[in-house]
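Both complexes shown next keep chain A, but they swap its partner, so chain B is in the first and chain C is in the second.
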Partner chain A sequence: MKVDCIIDGKSLLLNLNSNKPLSLILSEDIQNPAISSHCNGELCGLCVVLMDGKAVLSCLVPAFEIRGKSIITFDGYAKTKNAKDIEKAYELMHIRPCPTCYNARTLLIESLLSNNMTSREEIIREMECVKCHCLEYNDMVRIVQAANEIRRKRHARRS
Partner chain B sequence: MADKTNVPRLNMRYGRLYTSDEAGKKISEINIPEFDQKFLVMKAGDLLGENKLSLAGSEMPIMADGSVLYPEQPLVALIAPDYESATIAMRSISVSFSEESEEEEENLYQEDYGWGNIEDYRNGWKEVIKKEKTEEKAPQEEKSEETEHSSEDKEESETNKESEGENGEEQPEEKEEEEVIIHEYRKTETSFILKPVEYSSYTFFAATCWSEGANLHVMVPTQYPQFIADTVSSATGYERKKIVVHTSQYHESYDEYLLYPAIVAAIAANASLILKCPVEIKTRAYNRRGGIRTKRITYLSPDLKPLAEEVVHTIDIGAYPMLEREVERQAMTGIIPSYPLQAFKASVKIEKSFSFPSFIFSSMGYSEAMAATEYHSSALAKEIGMSPYEFRLWAYKDKRKFTDYLPAIQMAEIKKLLTSIAMKSSFSRKWSANDLGRSNPSFLGYTKGIGLASAIGIAGFSTSFVSEHEYQAKMTATQRGAIVIDTSAYSRGTAVTFWKKLLKNELELTSEDSVLFSNAEHSSLDSGPRILSRFICSFSKQLHATARKLKALKETEKLPIAITFDVENRYFPCEFDESAFGAMAIELMLPDTSYIPVVKEVWADYSVGPIANSDILMTSVKQIILKCLDENGLKTDKNMSLHITFSRRDSDSIAAVTTLTRGLVISSLKSALEQAIGKKVSLPINAEEIFRLRRSANES
Partner chain C sequence: MLEGLRSPNIHTPQNLSEFSSIIQHYPTSSFWAGGTYIMSRKFSYPSNATNEEIIYLGSIEELRRFQRNDRVAEFGSMVSLYELITTGKTILPKILVDTIQSFGGNIATGRITIGGSLATRDFRSSLPGTLNLFDASCEVRYMKKKRMHSKWFSLMQIYDKSGRLNLPANALISRIRINLAEKSFQKFLVRGEFFPHSDNAVSLAVTGNLDQDNFNDARLSLTYPDYGFISNHDLDNTLSSARFPLDQSESRSVEEAILEIAGATFPHLSHLQKIRTRGLVREMLNELNINALTTTSIEDTSSNI
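Coming up: the complex of A and B.
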């Protein structure tokens, strides 16, 4: 089937099997370097992408579902100003996720910030979907709250 | 070579590997249907070169040939125009096995080490008592009517007999009068079992090979580029110099990018040469730690001081023994306890099994062996009736015994760390309270446990390993006043900054920019596998020594001057040198409903050498602790906090705490779990096993 979608700001028309998961489309068809994981639906949480601004596990999204959607992978997101807010929060807290889950966690934090989910419970619930054990819960909360503060200040300066 | 490699995607073919879940079986038939010309099917016999991979003298086949000896061993490689068709075509391949492989699990290698005579303690101590003086004899003598004498008479007759004995007469009669009582030493025995741990990454890695002119390019995530080049060269028959290895980005959670990428790269290189086009094979990285068993007996004196100890440490190394002598040396270093002993006997046994070669899994055996020793110390403390903290302060002397494996180390630093950890965690109070809580079950619905461990850290390879293999680096002073370090070992940014500073001070250079480190890919020298961070740890010592030599030569010789030196330190009298000290306490809670142990708090104190970047070190220690807890089946509490402190000590070795942290976590975790459950456990643990242990405790 033919699927039209926007991936990292580029409009694409892809010829795909309708049930091919998005994670494989990104890594095999588009050669996206940010997605190197495919766990066959084991919910490893490492293949997070933003689909219309919401964090989703790309291994659970079949090809037919991406029709007409805007998908942002870490590769496209890393160049934005929003990514710099989160990067600054890592530096400020002196904590950094491991390279395995760095992309997924950063996109999850972005999803939390853009959806204004900054309470401790919400942060832990969302961040738990990444099955990498490189960060303790308190650190995750501190990073998200610091990133939220940085973004708030940036928006305040702009306005 | 540019840092960013442009992989040619035009005409690229993509491959998948067929691996078997079964192991230890003979292959009777591989059924491969006829594919069209776009596909390439490769088996062991289709490799252009030798079907072998060799690392430091040990060998194993790249693809299964005749029999499958470990799961995940590639049987067939299928190269197709795209991944999808390769995956679909792979489904039509089937393999049938005939019987069990003739090779059986065997005891491969054993090494013993020790001092003193352990037999003296095994057999007990003899006490020679003269018959008349013993209390037991008195009633017997009273019963005998024939020998009724007063005590004075007895003494007289005794002295008479003794004098006769001296004259050489009637000696046998005198022996009959003495009684030898054999007293057995009090013994404490522990059994430390670590079950195998398997790790298969969620992340795929790709091995990409292509030809460009006369060169064969290989791009793969690897911890050891030289090893990849050697393997590809022997598997393809291609000239070693014409193989260019590009390292792609990776993160090695469990050293999974050491062995498996070499196997995949060798297959991809063969396919690329056969098809004369770029080939990429994607698969998951895999690694495994075999099971480990430690049986240890300590003989105690009547005043409960440890006198002698015997240990049998068994390691399952997998289907193909790789670096087994080194694994033995690392394990032996961990087995020797820090408290003084009059006699010690340790045996390290290496066993083979039908499983993935498991010689490096974040540690080469030191962490697990050290964890067994520390666990035993805590068990010993319980036997004696002391808390593990008090026992360590009481048993450790000022200096540790000098052995072939570690030098005589001052123990004051460890005692300081122990005290600090015990204070921070209120260890003694919690330890006693938890013990009491378990013996008096209440309606709380949970039990708690706390464990403590302290140890010396080592890093990298042993002195013997280095003397057996020639790994080198080179320092050159150029005519332009620059210092160039040529090493194939990939050096991380933070460590390089520290070394540049070190050389600037030692050679009195104007700027750190005058020191240049060669790119690992360009190096003409082989500096050995960069694993376990001993390279980072001891390299500063080597740089120091070489810089001093260079400084002296600069005054007499003309530039350029080059000195080749060993990357590892072969100057030490012992196999290893201490790289750090550490102490750790873990507190956990075991709910009676879920039976999933939850870690509440972790305290860790380290005393280390120069810290290149404290944030990176802190993050990496946290990651090791969390990873190790997860690996052993524990959950972390949502409010859990890690209290980690580093203190600086006077040493040139850059902080290397990886293996130390792993050992401390395993040991303190096992002690804490056993306190909470009240039964002996083996790690990794799960809720079912805890439930079974609890039920058996209740029944008994």
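Coming up: the complex of A and C.
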């Protein structure tokens, strides 16, 4: 089936199997380096992308659901100002996710910040979907709250 | 595209009448709600099993409604669990919110639909067990003599005795209704991960009114994702016949009774599931004991005053 969508700001028309997972589309058809794993139902949480601004596990999204949607992978997101806020938070806290889960965690933090979910409970519940044990719960909470503060100050300066 | 693999046709009906005409033309098509279960199965893609017609239910407006009054709440089957707890957090029973939150964060609950979580054939989530404690019923639409019929069934009627789905192939769950009556004691406990390590997971949901040493209207359900859920009078009676707080030997006999029912219903439970069930029952009884003692001591104090 023909699927039109926007991936990292580029309008694309793809010829795909209608039930092909987005994670495979990104790695095989688009050759996006940010998505490296397809866990085959293990729900590892490493394939997070933003679909119309919401974080989704791309292995659970079939091709027919991305019709007309805007998808942002870590590749596209890393160039934005919002990504710099999170990068600054990592530096400020001297904590950084491991290279395996870095992309997924950063996009999840972005989704938390844009949905104003900064309570400890919400942060832990959301971040638990990434099955990587490189960060402790307290560290995740500190990073998200620091990133939230940095973004708030940036918005205040702008206005 | 992979060679020899046909891309399934996707039908996206906008309303239920369109859905019924599609199902008449393609009676063997499979229904797609959130897709979480289908996509998370091992080797879901590429697979010859998916070379079929798919009816995507997400665009049917009638299946996305949410209504409530003082006594009941009614959800369309395509309402996502996230929408359910955000719009209904203040009115839904706490145990139901806890059950939904056990599925994970928004990234999971945003895609899982209430209908989809009830209608998977070889996997049982913890939701039906909890919904059953609130006498949930669901509207089932099915084809009969080339016409779409609908009928309300209690949740226990759409599952067989061992908690397996018992619906005809083309039947669609369109609405789910639950009673909003709150009980004084509600607890949801889960051990292990339902996704993806379902073979060792177990959940327990219990509600009832703890009145002094009696546990009235006790309802208990145990869910084993690969087998089904147990919720019956035998299980409820193990709690309603007890006087709280229980001493060690009484607790042990309740534990044994519950484990015996679980073992008789599902003989192939894993060793870890049995141990986890015992742990959950122990935790529940401990909680009930604490509640019974607290209530009794408060009443004693107030009578002294």
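Note that in this section the second predicted complex is superposed on the first by the 159 of 159 C-alpha atoms of A that agree within 3 Å, B and C clash if a C-alpha of one lies under 4 Å from a C-alpha of the other, contacts with A are read in each partner's own complex, and residues count from 1 in each chain.
One rule holds for everything that comes next: a residue touches a chain if its C-beta (ideal position, glycine included) is under 8 Å from a C-beta of that chain, and two chains touch if they have at least 3 such contacts.
Since we're looking at a predicted model, the values are computed, not measured.
*Asks:* If you stack the two complexes on chain A, which partner ends up touching A:51: first (chain B), second (chain C), both, or neither?
*Replies:* In the superposition, A:51 touches no partner, neither chain B nor chain C.
*Asks:* Once the structures are superposed on A, label A:100 by its partner contacts, choosing first (chain B), second (chain C), both or neither.
*Replies:* The answer is first: A:100 touches chain B but not chain C.
*Asks:* With both complexes overlaid on chain A, does A:146 touch chain B (first), chain C (second), both or neither?
*Replies:* neither
*Asks:* Who does A:19 touch here: chain B (first), chain C (second), both, or neither?
*Replies:* After superposition on chain A, A:19 lies in contact with chain C alone.
*Asks:* Output check: A:42 vs chain B and chain C. Expected answer is one of first, second, both, neither. What do you get?
*Replies:* both
*Asks:* Considering only the touch criterion stated at the top, classify A:62 as touching first (chain B), second (chain C), both, or neither.
*Replies:* second
*Asks:* So in the superposed three-chain picture, is A:1 touching just chain B, just chain C, both, or none of them (first/second/both/neither)?
*Replies:* second
*Asks:* Across the two complexes, what residues of chain A are contacted by chain B and by chain C?
*Replies:* 17, 20, 24, 42
*Asks:* What part of chain A is in contact with chain B in the complex they form?
*Replies:* 17, 20, 24, 27-28, 31, 36-39, 42, 44, 46, 94-96, 98-100, 124, 131, 133-139
*Asks:* Which positions of chain B touch chain A when the two form their complex?
*Replies:* 9, 14, 82-84, 201-205, 249-251, 253, 615, 618-619, 622-623, 626-627, 629-630, 636-642
*Asks:* Help me check something: in the complex, which residues belonging to chain C touch chain A?
*Replies:* Counting only chain C, the residues touching chain A are 1-2, 5, 7-10, 32, 35-36, 39-46, 50, 54, 56, 101, 104-108, 110-111, 195-196.
*Asks:* With touch defined as at the start, can you tell me which chain A residues reach chain C in the complex?
*Replies:* Result: residues 1, 15-21, 24, 40-43, 48, 54-57, 59-62, 64-65, 108, 111, 115, 117, 122, 125-129 of chain A touch chain C.
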